[in-house]
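Labels run A, B, C, D and E following the written order; every chain starts at residue 1.
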Amino acid sequence: MTSIKKRSKKAGLAPGTLIHMGRPRAGATKVDMVEYDETRLERRPVTSLDHCLIQKGVPTVSWVNVEGLSDLEVLRHFGSCYGIHPLVLEDILATDQRPKAADYGEYLYVVLKMIALDDATGEIKSEQVSLVLGQNYLISFQEGLEGDVFEQVRARLDNEKARLRGMGPDFLLHALLDVIVDHYFLVLEKLSDRIEEIEDELIENPSTATVQAIYQLKRQMLFLHKAFWPLREVASSLQRRDSQLIRDTTVIYLRDLYDHTVQVLDTLETLREMLSGMLDIYLSSVSNRLNEVMKVLTIITTIFMPLAFVVGWYGMNFKHMPELDWVYGYPIVLVLCLVMAGGMLLYFKRKRWL
Amino acid sequence: MTSIKKRSKKAGLAPGTLIHMGRPRAGATKVDMVEYDETRLERRPVTSLDHCLIQKGVPTVSWVNVEGLSDLEVLRHFGSCYGIHPLVLEDILATDQRPKAADYGEYLYVVLKMIALDDATGEIKSEQVSLVLGQNYLISFQEGLEGDVFEQVRARLDNEKARLRGMGPDFLLHALLDVIVDHYFLVLEKLSDRIEEIEDELIENPSTATVQAIYQLKRQMLFLHKAFWPLREVASSLQRRDSQLIRDTTVIYLRDLYDHTVQVLDTLETLREMLSGMLDIYLSSVSNRLNEVMKVLTIITTIFMPLAFVVGWYGMNFKHMPELDWVYGYPIVLVLCLVMAGGMLLYFKRKRWL
Amino acid sequence: MTSIKKRSKKAGLAPGTLIHMGRPRAGATKVDMVEYDETRLERRPVTSLDHCLIQKGVPTVSWVNVEGLSDLEVLRHFGSCYGIHPLVLEDILATDQRPKAADYGEYLYVVLKMIALDDATGEIKSEQVSLVLGQNYLISFQEGLEGDVFEQVRARLDNEKARLRGMGPDFLLHALLDVIVDHYFLVLEKLSDRIEEIEDELIENPSTATVQAIYQLKRQMLFLHKAFWPLREVASSLQRRDSQLIRDTTVIYLRDLYDHTVQVLDTLETLREMLSGMLDIYLSSVSNRLNEVMKVLTIITTIFMPLAFVVGWYGMNFKHMPELDWVYGYPIVLVLCLVMAGGMLLYFKRKRWL
Amino acid sequence: MTSIKKRSKKAGLAPGTLIHMGRPRAGATKVDMVEYDETRLERRPVTSLDHCLIQKGVPTVSWVNVEGLSDLEVLRHFGSCYGIHPLVLEDILATDQRPKAADYGEYLYVVLKMIALDDATGEIKSEQVSLVLGQNYLISFQEGLEGDVFEQVRARLDNEKARLRGMGPDFLLHALLDVIVDHYFLVLEKLSDRIEEIEDELIENPSTATVQAIYQLKRQMLFLHKAFWPLREVASSLQRRDSQLIRDTTVIYLRDLYDHTVQVLDTLETLREMLSGMLDIYLSSVSNRLNEVMKVLTIITTIFMPLAFVVGWYGMNFKHMPELDWVYGYPIVLVLCLVMAGGMLLYFKRKRWL
Amino acid sequence: MTSIKKRSKKAGLAPGTLIHMGRPRAGATKVDMVEYDETRLERRPVTSLDHCLIQKGVPTVSWVNVEGLSDLEVLRHFGSCYGIHPLVLEDILATDQRPKAADYGEYLYVVLKMIALDDATGEIKSEQVSLVLGQNYLISFQEGLEGDVFEQVRARLDNEKARLRGMGPDFLLHALLDVIVDHYFLVLEKLSDRIEEIEDELIENPSTATVQAIYQLKRQMLFLHKAFWPLREVASSLQRRDSQLIRDTTVIYLRDLYDHTVQVLDTLETLREMLSGMLDIYLSSVSNRLNEVMKVLTIITTIFMPLAFVVGWYGMNFKHMPELDWVYGYPIVLVLCLVMAGGMLLYFKRKRWL
C-alpha cells in the first residue's frame, strides 16, 4: 500500500489528456454487460466496441462493468458514446482520486475506493471504482485488481423477485455503493481484531516490533481516513437529491447509506484513538521496565560494594594489622558481612524495591 | 464491552434484509403492552400476534415493549401492522446503530443506547433501544439484556395523578429518553469515582496496573463518547419540533432533555481530559523514581570505588613498599578512608542528593 | 471541589420533581427583599411567605434574594406566585447546571456559577446562582454558601444618584452578572500568581510535588472552563436582545458584559496553555538531571575501574612476577595510575562532561 | 511582560466608572493635535482643555494624540465634547482590552495593542492604543509608554503630496493601523531570528537553559496570539464597511490591511509550530545522549569486571593453587586478560556501540 | 528556505509604495510576450516599454511574462497601462504574499507560490508568481528564480490544435495554475520518498541525524502548508465564477483545479501525520535500546560482583582461615564460582533478559 501515487507523468499536460496512471495489468481490459428489467435479464461479455452499447430512451436498465484501465480506446469509446467529459475520463484513469460525486446533468459521476484486507499479509488492497450513472444505464470502471465485491449484487440481480430488478439504475448505484461501504466495515473489523491482538502483546511482551505494528496500523488508518472521510460528503450530496437522476424512491436508501458512512467514520476514529492510547501504554511500560532493571543493578551494587571493601581491607599487606592475628578475626568479619548484607536487604524491603 | 460489533454477516445483502446481529439470547422474544389514558390503565403480556395490537384513531395511549430481537417474525408483524419501513426494521436489528432520530411522517424512529455499569466487573453494559412513536402508540425494542431502566417510568404510569397519564405518547417518549439519559449520569458518576481512586493510587503507589486501568477507562470513555455524542443532535432535532408527532406541550420537556444531554457530554469531556492528564503524572513520577534509584546507585559507587582502590593499593605484593612497614601505616589508611567517605557524603549533601 | 455532582437521587423521577441536590446547610433558607425606584429604597428581610411578595404592574423594582435551597416550600411559593415552570424550579435546585439563559416569555431564566478562591487552601469555592428576571422584579437564588459577591451592588443601590436606581430590573440583572464575571477575573489573577510561583519552583527545585500542583491547577482550570465556556453563549444571547424583558438602554451594557466574558475565556485559555507547557519543562529538566547523575556515575566508574584492575594485578600471588621484585616497581605503578586517571579526566573534559 | 493584568481594583464597580488601570507614569498626560487638509497642515501641543478642540462640520481633518492615561480629567473632557459613551472611556482606561472594533454611529471605536521588542532584554513591550474615529477627526489614546510607532505617519503627513493629506480621517485610521501591523511583522522577524539561534544551540549544545528559552518564547507567542487573533475580526469588520464613517475609497486599503493581518497570524502560527517541534528535538537529543553515556559506562564495566575477577582469583591465598607455582602462570594470565579485553571490544564493535 | 521573509524595510511606508523585497538578481528584468488566436501565434521578447503592449478590444490573446522584479519601472509601466492599483503592484513586489485571488472588476489578481525541490540539497525552492488576468490578456510576474514550470504550457500553445489556442486568457490562467499545482504533487512525491527512506533508517539505524531530518521535513511541511492552504480558498472562489472574466466553458476546468488542490492538501496532511508518528517511533526505539544497554550492564554486574566478593574473601590475610589450608579449598571455590555464575544466567534466562 502506498498512500502517495505517482502523478509525475501527468504534470503539465493539457487537462483531459488520457494517461494510464494505475498499476500495470496483464491481459486486456475486460468489459461485460447486464441488461435487465422486472421480467428479463441478459448477461453477456462485450467483445466489440464498434457501436454504442446502450440505446437511449429504452426502459431496460443496462449495467456495463469495465475491469482494467490499460486500454485507453475503451474509455474513449464510452466518452464519445455517452458524452462523458474528457475531464471525467481523466479522473477515471487517475487512480488516486479523492472520493467525490459530481453532477454533469446528463450523467452523475461518483468515484470512490473499493477496499479489502489481504488476509495473508495484513495489507490493505485498494482499488478505485468510478461509477457513471445515466438515465437508463450505469457504467462501472474498476482499476483492475483481481476480483471485486459486487458478486452479491450480481446474485441479487439474478433473483427475479428482488427489489433491485424493478427499480432504475440509481437503485443499482445504491446497491454497488452499499456493498462497497459494507466491505469497509469488514476491513475495520479485521483491523480491530489486529488491534486487540497487539493490545495483548503490549501487556504480555512488548517489543519494538509491537511499536512498529502500531505504527503500521496507524498508517493504514491514515490511508483509510483519507479514503473514507470525503465519502461522507458524497453520500450526503446523493441523499440530498442534488441530481435529477436520483429518483424519490431511492432517496430513503441513500439516507441509509449516509448513516452507514457516518458509522464507518465513527468506528475509524475510535480505532485511531485506541491506537494512539496504545503508544502511551508502551512508553510507560518501557520506562517501568527500565526502572525494574535499574533496581536490580542498584541492589546488587549496593550490597556487594561495601562487602568488597571489607574483604579488600583485610587483604592489605600492612605489617601491623592487629586484627589479622586475632583468633576470632576471621569469624568476626564473616558475621560483619552477613549483618551488612542483611541490613541492606531490609533497607530495600522497606523502600519497596523488593 | 466490544466497541466494534460484527457486521460481517450482513455485507452485501439487499437493504431491508432482516438478520439478527445482536447477542444470542435464551428464551423467546418477550412482548408486553400497557394501554392507558387519564382514568384507566391496563397492562398485559402479549402472547399472540395474530392481529394488530393497536387500533388507529383510538384516544388511549399504547406502549408496547419488545424485549429480545431473536424472533424475526415479531418484527415483521410490527412492520406490516404499522407500516414501518424495512430499513427501519433492519436498523432495529443492527445493534450497532449510531444514535439517531428519523422522521418517517407516520411515525418517528429514535435509536440510542441504554447504558449501565456492572458493579462487580466495572464493565459497561450497553443495550440498544429503538423507539417507534406513532399517533397514539409507542413501541420500544430492547436488544434483550436482562432488565431495563424503565421501572421508574412504569411506576409513574401506575400513579393516576402523574402528568404522564394525561399526555400523549410523545410525552412517554420523553419519559423513556429522560430516564435513559439520567442513567448516563449514574454511569459517569461511577467512572468519576473510579478515576478518583486511580488518582490516589497514582500518588501513593503507581504501577503498570495503574496505567492499564487508565487505558481501560480511556477505552470506556471512547465508547461512551461514541454512544453519547450523536445524542446531542437527536435531542436538538426533537426539541426543534421537526416532527408533527411532537406536541407543543412536550417541547419544553424536550428542551430540558437537550440541556441534560449537553451536560452529559460536558461531564464526559471533563473526565476524558482528567484521564489524559493522569498519564502525564504517571510518566513524570516514573522518571522521578528512576532518578532516585540512580542517585542511590551513584552515591554508593562514588563512595566505595575510591575506597576499594585504596585498599587494593595496599594489597599489592611489591617487595619495596615502604608504607607497609610503617608502624602507623594501617591507622593512616583507616583515617584516609574515613576522610574520603566523609568528603563524598558532604559533596552529595551539597548537591542535594541526600 | 468536585466537578462531578451526584445526580443519582434524581434518576428516573418525573421531570419537575423538586429534590434538593446541593450541599446540606445549617439553618433555614433566608429570603430578603429590596424595593426601589429613583427616589425611594426599602430593604427588608422576608419572614412570611403567605401571600405573593411582588405586585404586578407596579413601577418600583423589586429584588428578592433567596439564600439556601433546602426549604422546598420557598421555591414552590415563588413558582406559584410568578408562574415559574416546574422545570425551571428543578433547574434551580439541581446545582450542577450548565450556565444558560432561557427565555420563558413572562420571565427570563439565567443560571451561572459564582466563583471565589479560598485563600487558605487555594481551593475554588463555587456556588450556583439562578436569576429570574420579570417585568418589574428580579429574583436571585443562591445555593447557600456563606456570603456572596453582591455587596458592591447593594452599596451602589444605596446611592441615590447611581444609574442603577433609575433603571429597570434588567439593568440590575446586568449589574449582578457583571460583578460575578468581575470575580472570575479575580480568581484567574490569583491562579495566575500561583502559576508563576510554580514556574519559579520548576526552575529552582522541581519535585513530584510540583507536578501534583500543576495537575491540581489543571483540574481547577478544567472546572473553570466547564463553568465559563457556556457563559459566552449566555452573554451573547442576552446582548442580541432575544428577550423582550431586556430594554434598549441596557443592551450596550450587555455588550460590554459579553466583551468581558470573552476576555475571561481568553485569559483562561492562556493560563491553560502555560500550564501544559510547564509539564514539558518539568519532564525535560528531570531527564536532564538524570543525565547529570549518570555522568557522575560513569566518570567515577571509568576512572577507578582500570585503576582497580592495575592494583589487583600486582596483588596476584604468582611466584614468578618479576615486577614485584624490582626496586622501582612500586613507584612505576604509582606513576602509571596517575597517568591513567589524568588521561581519563582529560578525555571527559574534551567530551564536555566536566 | 505580564499577560494577566490586574483588574482587582475594578471588580464590582458601576460600569462606566473611570479608574486608571495601566502602568503609573511620571509626568502629566500629554495631548497634541494636527489639523490638515490638502493645502494646509498645522501641528500644536494642546495645553488647555477649556473648550472642545475640534469643531463639527469643518472640512479639515483633526488628529488628536493623547499619551498617558493617568489624568482622568482629559478623558472626561473628550467624553463630553464628542459624546463618547462612558463604557468606551472605561475601555480606553482598562489597558487589558481584547482588540475590537465597535461602531457607535457617531464614532467608531478601535482598540488594539502596539507592540515592540526590547532589543536589550528580548522582552515584548506592549502598549494599548485606542482610536476614536469621528466624522472629521481621529483621537488616539496611548497607554503612555515612551515613544510610539507613528513617526512615519507624521512624516507622511508633512509631505504635501501624500495621498494621506487628500483623504479623510478614515484613511488616517488605516495609516495608523497599518503601521502598527507592520511593526507586528518586525517583532515576529526578531522572534524568528531568536528561534533560529536556539535551533543552532539545540544541535550544538542543548541545555536546560535552551528549554527555558523555548518556554519563554512560547509564552511570548501565547501573548502575541492573544493580542493578534481578535485583530482578524477587527480588520474584517472594517473592510466590510460596517460603519458609515469608512469611505468607499478607503475600503480597498482596509482589505489590504486585512490581508496583512491574516499574514501576521499565519506567520505566528508557523513560529508556534516550529517551537513545539523544537522541544521534541530536545527531548530526543537528551535521551540520545543518555544512551551514549550509558554505553560508555557499560563498555568500561563489561571489560574490566571480568578482568578484575581474574586478577582477584590469583590474589587468593590458598596454599594449594598449582598455577601460582607454574613458571608460565603469570604470562598466561597476561595473555588471557588481553584476549578477554580484545574479545569484548570486538563484541561491542559488532553491536555498533563503538 | 526561510519561511519568514524580511518586511522590515517596508514598515510604516505609505501603502502602494513600491519597494523590491525579493532576492537580489543579477541582470535585468526580462519581459517576453506571446500573442495568439486559433490560427496565429507570435512570440517575441519585449525590449522597449515606451508604449502599452496590448491593445484593448482586440480578439487575440496576449500573454506577457515578466521575470525578475528588480526593475520597478517595468511594474509602473504595467500599472499605468492597464490601470492596475498601486496596492496590487505592491503585492506583486512583496514576495511573501499569502496566496489569494482578488477581483478588481477590470482585472483579476491571483498570487501564489511556484514550488520545486532542489534535487541536490533536498531544499524547497519557492518563487512567487503573480497573475493579472484582463479581458484579452494575462500578465504573469515571476520573482526571478532561474527557470519556471511553464514550459509545457508554452509547448501546448505551439500546437495549433490544442484547446488552449481556441479559448480566452481565462483558460490560459487555468493552464498556468494547473501546471503549478501539478508541480506541487511532484514535490510532495519526492518528500514522500524521503520520508520512506527515513522510515527505513528509523528501523535500521536511528540516530540524532534521523531526528534532525524529521524536523527538517516537518519545517518544510509547515512551509508548504502555509503556501498551499489558502489555495483552496483561491481555487474555490475562481470555480464559483465570482469574477466576470471567467467564462462559462472554463468553469468546469477550474472545478477540476479545485479538486486537485484539495487532493494536494489531503496528501500534505497525510505526510504530516506520518512524520509526527515517526518521532514517537524514534523515542520508543531509543528508550528500548537504553533498556537493552542497561540489561547488559546489569547482567555483567550481577554476575561478577558476587564472584569478585568470593575471590576477595580468600584474598584476606587472616592468620586463621582454615579453608586456605584445605587440600580441596581451591577446587571447591572454583566449583562455587561456576555454580553462582550459572545460577545467575539461569535467573536472567527466566526473566527473559537473555
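Please note the rule applied: contacts are C-beta pairs under 8 Å (C-beta built on N, C-alpha and C of every residue); 3 or more make two chains touch, one makes a residue touch a chain.
Please read these numbers as outputs of a predicted model, since none were measured by experiment.
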item	value
Topological distance between chain B and chain D, in contact steps	2
For chain A placed onto chain E, the superposition rotation in degrees, Cα atoms, nearest 5	70
Interface composition of copies chain D and chain E: same or different, split at half	different
Chain B and chain C: spacing of chain centres that average the CA atoms, whole Å	26
Chain B and chain E: spacing of chain centres that average the CA atoms, whole Å	42
Multi-chain contact residues (two or more partners), chain C	283, 287, 290, 294, 297, 301, 305, 308, 312, 315-317, 321
Traversal of the chain ring from chain A via chain B	A, B, C, D, E
Partner chain D, residues of chain C touching it in the complex	149, 151-153, 156, 162-164, 174-175, 178-179, 182-183, 185-186, 188-189, 192, 203, 252-253, 255-256, 259, 262-263, 266-267, 270-271, 273-274, 277-278, 280-281, 283-285, 287-288, 290-291, 294-295, 297-298, 301-302, 305-306, 308-309, 312-313, 315-321, 352-353
Residues of chain E touching chain D in the complex	3-4, 6-8, 10-16, 85, 87, 91, 96-98, 100, 102, 205, 207-208, 211-212, 215, 218-219, 222-223, 226, 279, 282-283, 286-287, 289-290, 293-294, 296-297, 300-301, 304-305, 307-308, 311-312, 314-317, 321, 323-327, 329-330, 333
